[in-house]
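To start, the structure itself, in structure tokens.
By letter and in written order, the chains are A, B and C; residue numbering begins at 1 in each of them.
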Amino acid sequence: MNTTTLRKDSTGTAAPRPATPRPGPPGGAGGVRAAAGHVLLYAGLLVLAAAILLPFAWMLTSSLKRDNEVFTVPIQWIPQEFQWENFTEIWTTIPLLTYLSNSLFLSVTITALQVLTGSFAAYGFAKMRFPGRDVLFFGYIATIAVPWQAYMVPQYIMMEKLGLVNTHLSLILLQAFGAFGVFLMRQFYLTIPDEISEAARLDGLSEYGIWARIVLPLSKPALASLALLTFVNTWNDYMGPFIYLTDNRLWTVQIGLRQFVGMYDARYAMIMTGSVLSVLPILVVFLLGQRYFVQGIATSGIK
Amino acid sequence: MTLSDSTTGKRRRRHNTLVGWSFILPNFLGFAALTLLPVFGTLLLAFTDWNSYSTPEWIGFDNFRRMLDDGNFWTALKNTSWYAIGHIPLTLAAALGLAVLLNRKLRAVGVLRTAFFFPYITSLVAVAVVWNMLLSPELGPVNQFLKFVGIAHPPGWTTSTDWAMPALVITSVWRDMGYYMVLYLAGLQAIPGELYEAARVDGAGAWKRFWHVTLPGLRPTTFFVLVMLTVSSFKIFDLVQVMTEGGPGRSTLVLSQLIYRQGIAQGRFGYASAISLVLFLIVLAITLVQFQLQRRSER
Amino acid sequence: MRKTSARALTAAVAVTLLAAGCGGGDGGSATTADGRKVVKVALWNYDTTPEFKALIEGFEAENPKIDIQPVDILADDYADKVTTMLAGGDSTDVLTMKNVTDYARFATRGQLKSLDSEVEALDKASYSGLDPFELDGHYYAMPYRHDFWVLFYNKALIKPADADLAKLSWADYASLAKQTSTGGGTSKVYGTYLQTWRSVAQAIAAAQTGGDLLSGDYGFFKDQYELALDLQKSGAAMPFGTAKSQKVQYKTIFESGKVGMVPMGSWFASALLEDRAKGTTDIDWGVAPLPQIKGDGTKTTFGSPTAFAVNKKARNSPEAEQFVKWASGPKGAAAIAKVGVVPSYTGEEVMKAYFAVKGMPSDALAAQAMKPDSVKLEMPVSDKTSDINQILDEEHELVMSGEKSVEQGIEEMNKRVKSEVR
């Protein structure tokens, strides 16, 4: 901990100001302490992460059990006999590959459209002034406050009238243009100082040019988080695909796995096996996406 | 002079409006046709009697009158509010804390971030079973620990009407914090490094830097997270459905469940829409307050 | 990746088309390319529910001019999806009615075609579970399957010498359960397992005392609740809270040999047969009649029929009716009896086929269990059923988890049903 006291007048604001050079914290002991703190932080985080992963661990071991070994009292962590064949059987028990590719197609398309149109619209909301803007934005925010359980049926009736039920297109149209992306990107654009776009305007760049060449590159972390969360939400969505997709060949992983829940009993080991497999693509996407959360990437353009 | 000035001004304004709309339109068209329209249709249904098959019959405020007498509605409203009051601040704090901790150059930070995001992608059934086991009244490790530190009668958690809601809040904070952490991680990247440098030069300690640089810099993100958290807390459905199904009794019955039961399950779509309208107005009011607060703090 | 972006582009184009007000398209053709009439049947889990395959293949073999196409829906949320589909004007020809409550809802909304003339032509005496489908003198569905409750027992734990399983009273059952319970911790064996559903206490009480589940006067629940709570307290049955929060499966606990007796619906038999065949369990099991409250020697149980109905908007209505009639008749019954499912039509031949299924207990006790004197409907049908269902569920949970005493719980049920249900 740094114990140097701040100047009194500096507590009010954090805005940059003519920096008066001040003596930094003394090195030596501080360095050792920092290192120790580092180790401690690390250990703490690792323990926390392990605790956090407990339910996932149960899911993983359950995927290697027999169906009638999953729910037991007391809870059983290690399978009596490892059922490795669950992981081979599931591909033939249900057309998992078809489901996975449907999920992938939907998630990628919806994410791409959401990121593209959302970040585009957000520019209008954050960086331009024109009549009707705030009313429109309010419309976006308002719809997220209504639970889907309420409007699911009216929406379905509309889709049926449009003849889009039982197509992937229905889901793409429903989920690609939500409020989430617009709102998220608008909030991020607000943190980009207006002076930057002002300067670009003076340089003769059109609004579209400013969006494409200045704002978009600056908002990579936000785009990454939007893409990540949209992908995950689409991938894990159950009710949408369930209501709209009837044809088995169009089904997604999440519907596919629920086939193991019968009218009277369920094949829970298979459900866990499928759940483990369906987490893998998300894992890849997350590991790729989180690389954009590196300090400096957003600000590098501003300097 | 003045005349041509005002015409170019007008022209520029019109041009500006057109460009503004052109940005919004691609998203707005899809959104308006497929979400805005049915949502507002639903809100209109609140004033009708409709079973999804008949022609809706206009009945004015009957649904709302019915709601006043409906014990289930008040129970669900109370439960949902309790959930929100617990879930919003705790998740916000946990997500922010995690993001700040994991926003540094640490070995394997990517793996750690992924680990904290995992709860959000773990199958809900696994979440429910493991948390119910951890919180099991007699055998659960949580209660054994509580007994160890001297609490003779630890809570019954999901088997008790008083403690089922706290148990849900704990589980949901655990589940959601990684999700909002991702948003905060993105927000943190927008804070210019120079601000930290300047604060450091001023001799600001870690806590002061967090308080005077990080928090103000995260304000737009916090606003977004707060609104999304409010909305998702008041709409909570899946976790309750899997973990307690609204029980024991009605102790964790929430509004979305009631809307689902009244609408899809029992075919009272008018009444379900009326409850949704009330839920919508509550969330809207809270959001507007947050909006005002944010504006004020920006000034 | 190129393919994906091309698809994304197609989607984007479609958005524009949509904005311009385009639409159209319907759910495929009503006849196949070779001229057969298509009958679409909404059902659940086609691949894992053998009775549907048996019915469809059996019917198509006899009616080569008709092509039955399953519309596969998940079992869990079946009713919700059918509700939504019908609201959208869907034209799926045949709809499976999972239970009578759902049936009543679709029928009273006018979404199902009347089947009065078909039902008139039936030999009604051979059907069980037909009456519940009568609504104001009309029938809108025909049952093909009728499950009812029996007592499953583990032959390694329950010996014929212990008690006369054919004539158990609930008191006999309780003492047998207590006597069978042994051990503790991981080696605990329970005398019985009571599934957490409210029917285990409530529907049994209603069926065997003649009580009415819609009445708002539930004093008749008392004895069954006290019995269940006593079993729990004495350790002869797993605590309700544990069973509920750990999502304990009756199949899991029974197949692992950790429980002596399980009162359960007849559907459990086909699951046990399947698992024995797959080798995931080696349990030696039997069925006995459900224990009785009254000692007059009659066997009363409760159950729930499953039926097919014809959508009012069906495209091939006559063919759809033909299928429904066939499935609920003797031929359909024979087809599903062969896969271990109890049909609604119970002619002698059909029951013979049922007991002939490989692995099915066919001793005298089983024969008695499968021939109850009376099968009451699990939950009577009215427009108030769903609301009352919910209240009874909630209060059941509170009584069983000890949050309320039996008296308090029953009083609360009476009060809530009277004040909340209109």
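Here is the rule we use: a residue touches a chain if its C-beta (ideal position, glycine included) is under 8 Å from a C-beta of that chain, and two chains touch if they have at least 3 such contacts.
This one's a predicted model, so the numbers in the text were calculated from it and none came from an experiment.
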- Determine which of the two chain pairs, A-C or A-B, is joined by the larger number of C-beta pairs in contact. A-B
- Looking at C-alpha means, what's the farthest chain from chain A? C
- Rounded to the nearest Å, the gap separating the Cα centres of chain B and chain C is 37
- Query: Distance from the CA centroid of chain A to that of chain C, rounded to the nearest Å?
  - Reply: 39
- Task: Indicate the whole-number Å distance between the mean C-alpha point of chain A and the mean C-alpha point of chain B.
- Result: 14
- List, in ascending order, every residue of chain A touching at least 2 other chains. 71, 74-75, 152-153, 159, 173, 176, 268
- Item | chain B residues counted as touching two or more neighbouring chains | 29-30, 52, 125, 129, 133, 264
- Note on the structure: So chain C residues touching two or more other chains come to 15, 18, 80, 83-84, 87, 242, 246-247
- Task: Please give the residue numbers of chain A that touch chain B in the complex, ascending.
- Result: 1-7, 10-11, 13-17, 19-24, 41-42, 45-46, 49, 52-56, 58-59, 62, 71, 74-75, 117-118, 120-121, 123-125, 128-133, 136, 139-147, 149-155, 158-159, 173-174, 176-184, 187-188, 190-192, 207-208, 211, 221-222, 224-225, 228-229, 232, 236, 268, 271-272, 275, 279, 282-283, 286-287, 290-299, 302
- Considering the complex alone, what residue numbers of chain C touch chain A? 4-5, 7-8, 11-12, 14-15, 18, 23-27, 44-45, 47-49, 71-77, 80-81, 83-85, 87-90, 98, 185-186, 238, 242-243, 246-249, 251-252, 255-256, 265, 267-268, 271, 275, 280-281
- What residues of chain B sit close enough to touch chain C in their complex? 29-30, 33, 51-54, 70-72, 125, 128-129, 132-133, 136-137, 156, 158-161, 246-250, 261, 264-267
- Quick one: in the complex, what on chain B touches chain A? 13, 16-17, 19-32, 34-39, 41-43, 45, 52, 101-104, 106, 110, 112-123, 125-127, 129-131, 133-134, 139, 174, 179, 182-183, 185-195, 197-206, 208, 212-213, 216-217, 220-221, 223-224, 227-228, 231, 234-235, 237, 255-256, 259-260, 263-264, 269, 272-273, 275-276, 279-280, 283-284, 287
- Note on the structure: The residues of chain A that touch chain C in their complex are 66-75, 94, 105, 108-109, 112-113, 152-153, 156-157, 159-166, 169, 172-173, 176, 242-243, 246, 248, 255, 258-266, 268
